Structures are given as C-alpha cells and as structure tokens.
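There are two complexes below, and they share subunit A, which is joined by subunit B in the first and by subunit C in the second.
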Partner chain A sequence: MKSKSVQTLKGIILIISLSLLILIILAFLLSNEPLKTLNAIFLGPFSNLYFFGNTINSMIPLIFGGLGILVALRCGLMNLGGEGQIYAGGLATTLVALKFMPLGYISIVIGLLVGFIVAALISGLSGVFKVKWNTSELITTYLVSAVFIFITNYLISSPFKDPQTNLIATRKLQYMLHTILNPSLLTTGIFYAIIAVIIINHYLNNSRLGYANRLVGYNKEFARYGGISINKTYMIAMLVSGGLHGLAGGFAIVGTYGSAIKSFSGGMGWNSIAISLIALNNPLGIIPAAFFFAWINQGTLIAMQSTNITSDITLIVQSCILFLTTSVVLLGDNK
Partner chain B sequence: MSSIINNILNILTPILLIATGALITDKAGSLNIALEGLVTISALFSIIGASISHSILIGTIFGIISAMILSYILSTLTSKLKANIFITGLATNLLATGICSIITFSIYGTRGLVTFKNLVQIHKIHLFTIDISLFFLLAILLLLITQVMLNNSALGLRIRACGEDPHALKSYGISRTKIKLISFMLSGFFCGIAGSYLSLNLGSYVPGISAGKGWIGLVVIYLAGSNIKYLIPAALAFAIAEAMSIYFQGITNLPPDIVLAIPSLFTLIVMVIVSIIIHNKNLIKR
Partner chain C sequence: MELPAIEVVHVSKFYKDESIIANDDLTLKFNKGEITCIAGENGAGKSTLMKIIFGMETPSKGEIFVNGKKVEITHPLIAQALGIGMVHQKFKLFNNLSISENVSLGVELKKHFFFLDNLKTLRKVQELINSHNIQLQADTKIKDLSTGEKQLVEILKMLYRNADILIFDEPTAVLTEQEAQQLFATMRELKAQNKCVIVITHKVQEILDIADIVSIMRKGKLIGTYKRSELNGKTLSDLIMGEEVKSINVEKKHINYSQLKPVISFKDVCIYRENQEKPLLYNINFNTHPGEIIGFCGVSGNGMGILEAVLGGMMPISSGHIYLKGEEITNLSPDKLRSNGLAFVPADRYQYGSAANATLAENLIINHRDRLKKMNEFAKPLIDKYNINGMPSQKMKTLSGGNIQKAIVAREIENMKDYIILSNPTWGMDLAATAYIHSQILELKEKGASIILLSSNVDEVLLLSDTIDVVTGGEIKKSFKSSKKLNKLLIGEYMLGRKS
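Right, the complex of A and B next:
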C-alpha cells in the first residue's frame, strides 16, 4: 500500500515536471525574450501582493469545479458539461442576486443557492437520461452544456444586458463578497471554497451517501448486491456534481466579476477536469491542484501583458496533464 | 430550394467523413472523443498548405497529415501510458485548440479569424442548380471503400475482431494495440479530409471551426447502430436539421445564439430517442 502511494506521488511529480518542461520549451520557441517570459510565468504571481491575491482568487471557482468533477468521477460517471453548468449557474446567481438586492448580503446567499440548483438540474437532466435509458452521460452532459452555453449567451446579450455598459454583461451587483487582500481581487470566497473541500471530503469518506457513491464507482455489481440503489446514487452524484459547478460560476460572480459577463467562464470546466484528475480523486488534493493551475494561468496572463506570448500556451500544459494523469504506467492503478 | 439542397450537401460532407472514420475506431472497440480536435487541426494546416502551394490537393494532404500525426500521438501515448482513452481524447481536443491558436497568434498575430487571399476554389460540379463538390463525391467513395474494407478484407476482419473478441485476435498473434493504432490513424485520415473541406470551402480559419461536428459524428454512429449501411441516412438527418435551422434563421427573427444551439439540441434529442428505442428493445428481448 505504502509503496503504491509513493509511486503515485512520484508519478504526479513527474507529470507536473514534464508539463512545466513543455511550458519552458514553448517559451523558448515562441517568445523573443524567453527568460523574461518564463520569469513572468513562474515568479510573476508572487512578485507582488496584487498578483498573488489574484492568483489565490482564481483558485476559488477551480476548487468548486474540481470538486464537482471529482464527485461524479468517484461514482464512475463523467461530467463533460462543466463549462455550461458553470456559465448558466453563474448567470442564475447573478439574476437572482439582482432580484433580491434590497435584502442586502442575503441576496448573495439566495443567488448562490439558486445557482447551485440550476446547475444541479442541468447536469441532473443527463442523470435522468442515464438512469432511465442508459444514455451515455459522457455525450449528453457535453451536448446539454453546449445548448445552455448558447442560451446563456443569448440571455446575457439580449434580455438581461445592461444598457449602461459597453461590455456584453448584465447589471452589476451592489453586494459582493468582501475583499481580504487589497488591492488584489481576493475575497472571502476562498474560505468558503476550503469549507466546501472539507464538507465534500467528509461526505465522500465518512457519510452513508458518500460510501454508496464510492462503492458504485468502484464496483457496481458489488454495490447492487449490497442493496445500494445504483440509480439513486447516480442521480445524487450528478446533482451534486452540477451543483458544485453552479457554485463555481456563482462564486466567480459574487467574488470577482460582479456581473455575468459574456463567456466569463471560458475554460473553467476543462480546467476542473484536469484539476480533479491531478488531485487523484482525493478531495483534499483539489487545493494544491487548483493552486498549480491558478499559478500557471495567472503567470501566463502576466507574461502576456509584458511579452509577446499568448496565454493559450496554458492549453498545452493542461492537455499535457490530462494526457498523463490517467496513466496506469505512471501512477499505478488508482481505483 | 436548390440553396437548401446545397446547404444540406455542404453540411453532410464533413459529417459523413467524420462519422465514417469514427466508425472504424468504433468497430475496433474504442470511442474516439478527439474527432473535434483532429478536424480543427486539419482545418488550419490544410488552409496554410493551400495558401502556400495554391493547390487544394496539397492543402488537403497537409490537413490529412496533421490530423494523422495527432491521432498517432493520441493512440500511441494512450497505449504506452495505459491511460484512459476518454481523458486523452479530451486532452487531444485541448491540445489541438492550443496548437492552432498559438500558430495563428504567432504567424498572423490574431487568435481569431484568419482569412487567406489567392486561395483556389474547391471544384464543384453543377448539376442543374445543385453544386456537388468533389469532396462530397470523395466522401461517398471512401464510405463505399470503408464498407468493403470492413466487411471483406483481412484488415477489416481484424478491426472488427479487435472490438468484438480481442482474445481471438490475440490467439492469432496479432497485436491489439497495433490494430487500434491503425483504426485511430484511419479516423485521423477522415477527420483530416473533413477539416480541409471546412476551411477550404470557407476560405478562412476560425477558432471552433468544427462547431461540434465531431460530437455529431459520434451520435451519427450511435443513430446508425454502428452499421455502415445506415450511416448516410443518419448523417443526412443531421445535415437536414442543421440546414433547416439556417433556413429558419433567414425567414424568422430567431436570435443567432438560439439558432447556434439548435444542432446540439437536435443531436441531444436524437441521442436520447435512440437510447430509449434501444432500451425498450432490450426489455422486450428479456
């Protein structure tokens, strides 16, 4: 057991090193000032309080999204609809929080709650298809999400667009989470994200529902013999998975953006999958994994401002990690 | 009317190509999630190739090679690392998006639309008022060749055995990894042609040029019950639906975002209906 976890840890270190190596090679290939670029990528996020706070801040939606994927994966399900669930959940949070604005900070709570429910229903729809007719959730989550991305685009750019601004965005919230590291964007959201990690960790490891969730993912037939309802477990996993994505979008709004801006969630869903995989299905691993992604993402953004490189190089790092993290050869069998 | 038929043929061509290629991997027992990425990378490389060489053929070859290299990487890495093919497929899609936007950004200075001048037009045969492109004829021809290959050739038998009875394959001393690699390379070949058609027909490259066609390709296979005979009607259903949505956008005032959602929505509905039918069939069998 021990040697297996050592192998796994070695594997993860190898994967991260390989991905960083590719990032370095790309910087040398693409930038005319590779050292300046690399300096900006790796040290930029730590160079001052502003960048550091922003890096930690961008972890918040990634943690929620990563947890969302993890809950589904632990049940043996794949949720490829994160992008749409985060986006629609974020819009729902914004609209509801705007509606309940007179209630002050309570509007944020109601907004997040509705964001959770909306996204849970979106992914729950794929859960229903799966449970009732055994339709592959892999494809339906993606398709449902694609539909909701366009619907959300439409809602943001037409009926709910704020005529006061040039951005394609809704009206701005008056009440948002408090910032804690001025002048950076970091908010109290990070504490809620950490609380969510603790709750999900407890849920998956110590609760009855979480036990069912794990058992169904591990061995469906065995779970069935044990009297666990597979269908019910699938449904709960899909609902919780979607709901957490909704919170990812919601917290991005009430923490950082303040209004639902068109395509604000671009890429968060795919990032979440990579984060959940690199966390090796362990909720506590989500925090360092999200930090790694936030660091690289923020670093390339800083590099893009100061040198001639596009932040799209993070896509390469992300795909590299996805390529490697399910490797049985590198990590051993992690079921 | 003829414009609708032209639209249908225009949409059918890439879907049919993608689905034919993906059917080969499906027969070999794996679901190729990377179709979207393979199409995207070929779309960019073929238009670059065509603008350099002023030749559609050379452009297409560029596209095919790029998609085949990517599917080679996907298949080899997955089997060498013993990784999960869904996740690596997903990774390939992201990789393709990343590579394409890095290339357009570093060569053309934009992450958006790249238009090319002096491109050669794709040759089309005018039949009454309908334009039939050579790519469409090629798609049909390749479909027939694939059908013969799968049903009547040694390779086809091996590909099917790889999906249906890997042990039989093993007992003949044929490597499953090798057959899977061949099936992925063939899928890359087809996606390569589809990608070339998309960008060369448009005369430009845009991010997201595949616009969900890879996913539609997968659902087409599902709708056809993995039977190559039903591939054309299944692909046609999607092409008609998409052409109709373009048509309705013209005559009604539907917001463009909603119109863009229609193909995915339609794909979803078809996917669910087919799974209901399969589910009920299985119930009766029992």
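Right, the complex of A and C next:
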C-alpha cells in the first residue's frame, strides 16, 4: 500500500536525521573546534571540484554493492558476504588485468568480467548450499566470505605482492579508467555505475528472470505454485548479487586504487547493505543513498585534514545508520 | 445450583469491519463434571469460540464469566491463570526433553530460589501421572512416545497447572481408534474429578460416545444445546449439516464417462509418514474424463488438503502413479505440470494463490510469464470479463477476498488446456459471486474440460459433480454416481465417519 511506503520513507528520513544528530553530538564531544568540523563534514565535499569529484568517485563501488544486495533482497535473500565478494572480486580483476596488460584497455574489461565471475561463484556457493540443503544464506554468505577474506589476504601479501612497494599490495595496473574531473579521483566509472543501475532496474521490472526474482521475493509458495523454479531463481539471484559485488571491487581497483591493496574493501560490503535498505528496494534509490554515504564519508575525511577528529566518527555514524535501517526496514517488512 | 465453570454471554466475533462474522451472538454454559461437545461443520465457528475462551482471540462483543466472575481474557497466560487449559490439534512439545521437563516448562520447581529442582519436579509429575491412572514414566523423552501418549502429556501439562476447564480441539484427528478409546477413558476420569471438559469435534460417533451435553453450531450461530439423551446419530448429523439444500438447477446428462479416455488417473497413490503413523493418503484411485466434474468432499484434516497439494505438484507421493492422458506425470514439479497444462485454483488464495505485494497484473501472468511485456494489455480484458473490481497496477492486497478469488479463477481458466483443479473455489464468496463461478465451471464442462472439484462444501459438490468421492482418513471411503437419491445428509454421514 502507498501509505506503508510513505511510512517507511518517513522512517528512513528519521533514521538519517538521527544519525546526523549523533554526528553533530560527536563533533561537539570530540572536536576542539566543533563548528569548523561540522562545516568541513557537511560542506567540505562541495567546497571545491577536487573534493566533490572524490565524493562522487567513492559512490561507484557503493552503487555496485548496493545493487548486489538489492537483487538478493528482492528475491527474499540476504547476502552478508559482500565484504569477501568485493575483496576477492577486486583481486581477481587486478590479477587478470595484469595478465592481459599487453591488450591495453581490453585488459580492464577482461579483468572486470573475471572479477564478476569469481565473486558470483563465491556467492553462488551459498546458493548451492541453500538449494541442496536448505541452509540459511544469511549464515553461509557470511562464513564463505570470511574464508575468502583470509585467502585474498594471503594472496595479496605473499604470492602476488609487489616487492617494489612498501604497501602490502599487488603490482600496479598500467591501464585504468580515465579521470574526468581533474585533479579529483573521479573516473568514467560513475557512468558505468549509472548504466548498471539502469540495467538492473530494467532487469528487475521488465525481464522474465527479474519477474521471477521479484515474485519469489513476494511469496515463494505462490511463485512455485505458478510454475517458477524456486531453486533456479535463488541460484540466479545469488550469482547476480555476487557478481555485482565483484564489479564493486573491480571498479574500485581499475578506477581508484590501481592495485589490490590489503583490506581495500574495508566496510564497503556492510555499507552496501545499508544503502540498499535506504533505497527502499528500488534500484533508482541506490544513487541518492550511495551519495549520502559518500558525502558523510568524504566529509569526515576532509574534517580530519583540517581539525583534530579521527575517521572513527564516520564509522560510528555508518554503523548507527546500518543498525537503525536494518531494524526499521526489517520491522516494517514483518508488519 | 452450582455456578457454571465458564459462561459466554452474547459473544460475537467479526473480522474485517463486520464483513466476516465468525461468531454470531453466542450464549453458552459449560458445567463442572460434564463433557460438553461443540459440534459443527468446517467454518461453523467452533475453533474461533475456543480461541476466544483461551485468550488467543478477543471477542468483538459479549462477556465471559469464569466461576461467576466476569473476566477479560486477552492472552493465553491469563486463561491459564484462570484455570483454563487447551490441547491443540498440533502438539506443542519439545521432542528432546522428557515428559517431566515438558510438563513443568515455565512453572518448574526451584531450589535456593534460582536452581531448577529437577528431581522434585520429576517426582511431582510422576505423582500426577499415577493419580490419573496413566501408564507413563515421567523421565521418558517425548520423541519415544506414540501420538496418543504425546496427547496425554499435553493433558498432563494442563493438569500440572491446575486447570479445571480443559478444552480439546479435534482431539481424535490424529489418533488411531484404540488411542481414541484411551483418550475417552481419560476424559471420563477427568469428568469424575469434577473438571469441566470441552471437546470440539465434528465426529458424530465420538459425540455419542462421550458427550453429556452437545452444543451445535452452524455458520457462526448456535443452533441449540441438547442433552446426550435427546439425540441419536440421525438427529445429530441432521442438526450438524442443516437441512437447507439449495435448488439451483443444474441439468446432469447421464453420460457413461468411463467409456471416454481418462484425462487424469491416480493409481494406488499413497503418502506415508515417518514412524508408521496413519498414512496421509492411502490407495487413492480414480480417473477423470473430458466433460466430467469429479467432486471430492471431506472434513479438513482428512486428506483433502494433501490431495490438493499432490494434484498441484506441491507435494511428492510415496508410492503409486499419476497419469495425464496416459503419460506418467508422477512427482513432476509445478513448473513441469504447468507446461503440461495444469490449471489449479488452490484453496488457500493468500498463501498459494496470490502474492499480496505484487500488482494484479503481475498476479495474472504467473503461469504465463511470456506476457510480462504486455501484462497490462493482457490484464484489462480479463478484469472486465470476470468483473474483477481492481486496476491492473493495483497491489493485490488492496483487493477484497472475493475479487482476489475472481482473479485467481480468471487466471487459471484462461490458461486451461485439458483439466482444471478447483479447491474450495467459492469459499467465503457471496451468493452472486458463487453463482458466477459455478456458471463458469459449468461452461468449462460444456467445453469438454475435465474438472476436479475439491470442496468441504457438500452443497457445492452435490450441485456440480457427476461423481462424488468422500475422503476420510486419507482414503476414498465411498464413491457415488450423481443421482436424485443422493442428498447432503447421506454424504454427511460418510464424511463424519458415521457410516463407512
């Protein structure tokens, strides 16, 4: 019903206001110059093209990750393995792009494709468990992802570590996405992210697979009765969800980092969940939701440079939003 | 004279702004030292009344008195505090705990104010068991008990909490004949101890065996309260079923359908349960033919729902074969059955028949997903043709129950090939909508469709069917050819297990 989504929207606005209130209180508690800090956090990202470009740039992986969560949620599934899928997908993209470096920019495309596949398979594993033994994907995505975080850590810090850098990271890519708002980090990746939103929106609303995806999410007994294969739909949703996470990691590398750095994905997976929930299950809502997260994140970074606060303040605000949205959105679902 | 243990006065229960009346102005007394049976068909409102007494539902109107005191029972815990206990159809027991642990759960004896005193509890439960002449050991695990013994544990649970008013909801539905006899003995024992025993049932023989007082309900109303001595089997089943037989004219051509090629055939279909309990379905055999309506009727819990699930491919069978026009379709998944031409109106229109949060148009194309691109163009004529009061882009949950059912029927009829399964197709619908759906069914029959009608509404089955099969205890107990001699009361006697 309309009134319900309006109510949920009100809830989301309330959550965001509450989180911002917490941010303000923290600024007053922790900073010597609270007003300067707040000014930096809220207005810093808009103060010049460099900061603005960086803000938009940090939206890119969040959009892909948010879409990944959204596809699973719309099928009634929860993918808690975003962290590991983004991380492993990012590494796979890097290694393959390095391997195909002689092909020039094509190497990026092949790298992203393989990143998509690797993350899709990791998430698909949980799909297989669910279909075969009816295990909860909520648990298995998290556990499988935890394993892949360790594996990826090992691969980055030992066999594929670049000896020429002090970072724990792989070799640098020669070919990366073009920057579009120099001197900021923003790349053409933002266009691909927006295209991904349009494709996923079209996929969910106008394709038969997307219809199955949604109907299983609405009422899986009804979907089964109507002749939709639940297992197949679950598998596809898990594969697409993981694949989009892989792209989140891949675009972070080919756009921003240039090499797989240890723990580069830190927090992206969890933020994706909050973004997807704030977007109210609507792919188009992912863009403003990701912007909100990028804004606060970038704002705190700017505030850190000019005042004495630390980045922990962002983490606190982000966790508040995650906890609050999960409770409100999930509670609203049960009603 | 002693006060009644519990008394309900002018109790009514409405759902959805008075449009559904589950209980209509009921006034009843239940006395100590008596077994009162509440008898009635499905949907008569028996269970709703008991839920009100047990605090699982609150009445829309009316008052309840326990031992002469007016009470507000808003929660089962309040009911328990007032000495009311209920044995549900589905047992609420922990299989890995002992009888003693299950019985004392939540009211365990403590020592030093904190620790559980398991030994003392065990002894107390064993004393309780012995005092009621029950043959059980308090330390046995629930998983090692038979169904009948589990039910005894449920009774012990109530007694341990000093319940004086004991409600049994269809207690023999899951029991074998012997277990039922043992249960009756326990009930008589409880009666001798001056407890107030209330039994919800529709089984005539059972009522005759144990009741002192019988209250009969039909369509939410109390028809009357009788002493056991005033009744015999015939009068009792007449009272339960009611005598109104609707006279909508359906002409039945007496065709010998068995000469035609069968459409759906069941051969020795069985579904067994674990622990060698009574099978859910046992040796089901039938053939359906083009232009024939085959009607199944039975009381809920007797296998009608299972049969429906098997027909719709929602539940696998343990043994036997199912054929569609001679080709084996045993245990095919719903999507395979759909591509073989399955059309199916399920009884549960909310859980299986529709998705509340999807739009009407999305609901109408579930079995024809290639129409997705043009779903609104597809939905509009269907909405007009079947008089569905709704827009294609409207969420399903904003439609009324009757309109949801019309949408489901429309969807399934539009996609029918050779056969259609209709389970309680007119449940909860008003007369006009019912007549409309009946006319649609007869039209399908004219066109040569093979129709399988499952219904707990005997009038409907009698009105439409060419062959009538009565399902009791998971078996087809009796099969009738439609004839003038056949009437509701006769079928009712088989349905209620009075005749077999």
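Assume the second predicted complex is superposed on the first by the 317 of 335 C-alpha atoms of A that agree within 3 Å, B and C clash if a C-alpha of one lies under 4 Å from a C-alpha of the other, contacts with A are read in each partner's own complex, and residues count from 1 in each chain.
Operating definition for what follows: a contact is a pair of C-beta atoms (placed from the backbone, for glycine too) under 8 Å apart; a residue touches a chain by one contact, two chains touch by 3 or more.
Keep in mind that this is a model prediction, so the values were computed, not measured.
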Of subunit B and subunit C, the partner touching more residues of subunit A is B
If you stack the two complexes on chain A, which partner ends up touching A:S229: first (subunit B), second (subunit C), both, or neither? second
Quick one: is A:N206 in contact with subunit B, with subunit C, with both, or with neither? Answer first, second, both or neither. second
Task = Applying the touch criterion given at the start, work out whether A:N219 contacts subunit B, subunit C, both or neither, answering first, second, both or neither.
result = second
Once the structures are superposed on A, label A:I12 by its partner contacts, choosing first (subunit B), second (subunit C), both or neither. neither
Applying the touch criterion given at the start, work out whether A:M268 contacts subunit B, subunit C, both or neither, answering first, second, both or neither.
neither
Touched partner set for A:L277, first subunit B, second subunit C, both or neither: first
Contacts from subunit A onto subunit B in the complex sit at residues 26, 30, 78, 80, 129, 132-136, 138-140, 142-144, 146-147, 150-151, 153-154, 157-158, 270, 273, 277, 310, 312-316, 318-330
In their shared complex, subunit A is touched by residues of subunit C numbered 312, 314, 333-335, 337-339, 342, 344, 346, 351-358, 362, 365-367, 369-370, 372-373, 395, 397-398
Seen from subunit A, its contact residues with subunit C in the complex are 1, 206-208, 211-212, 214-215, 218-219, 221-229
So, in the complex, the side of subunit B touching subunit A is made of residues 31, 33, 77, 80-84, 86-88, 90-95, 97-99, 101-102, 105-106, 111, 212, 215, 218-219, 222, 255, 257-258, 260-261, 264-265, 267-268, 271-272, 275-276, 278-279
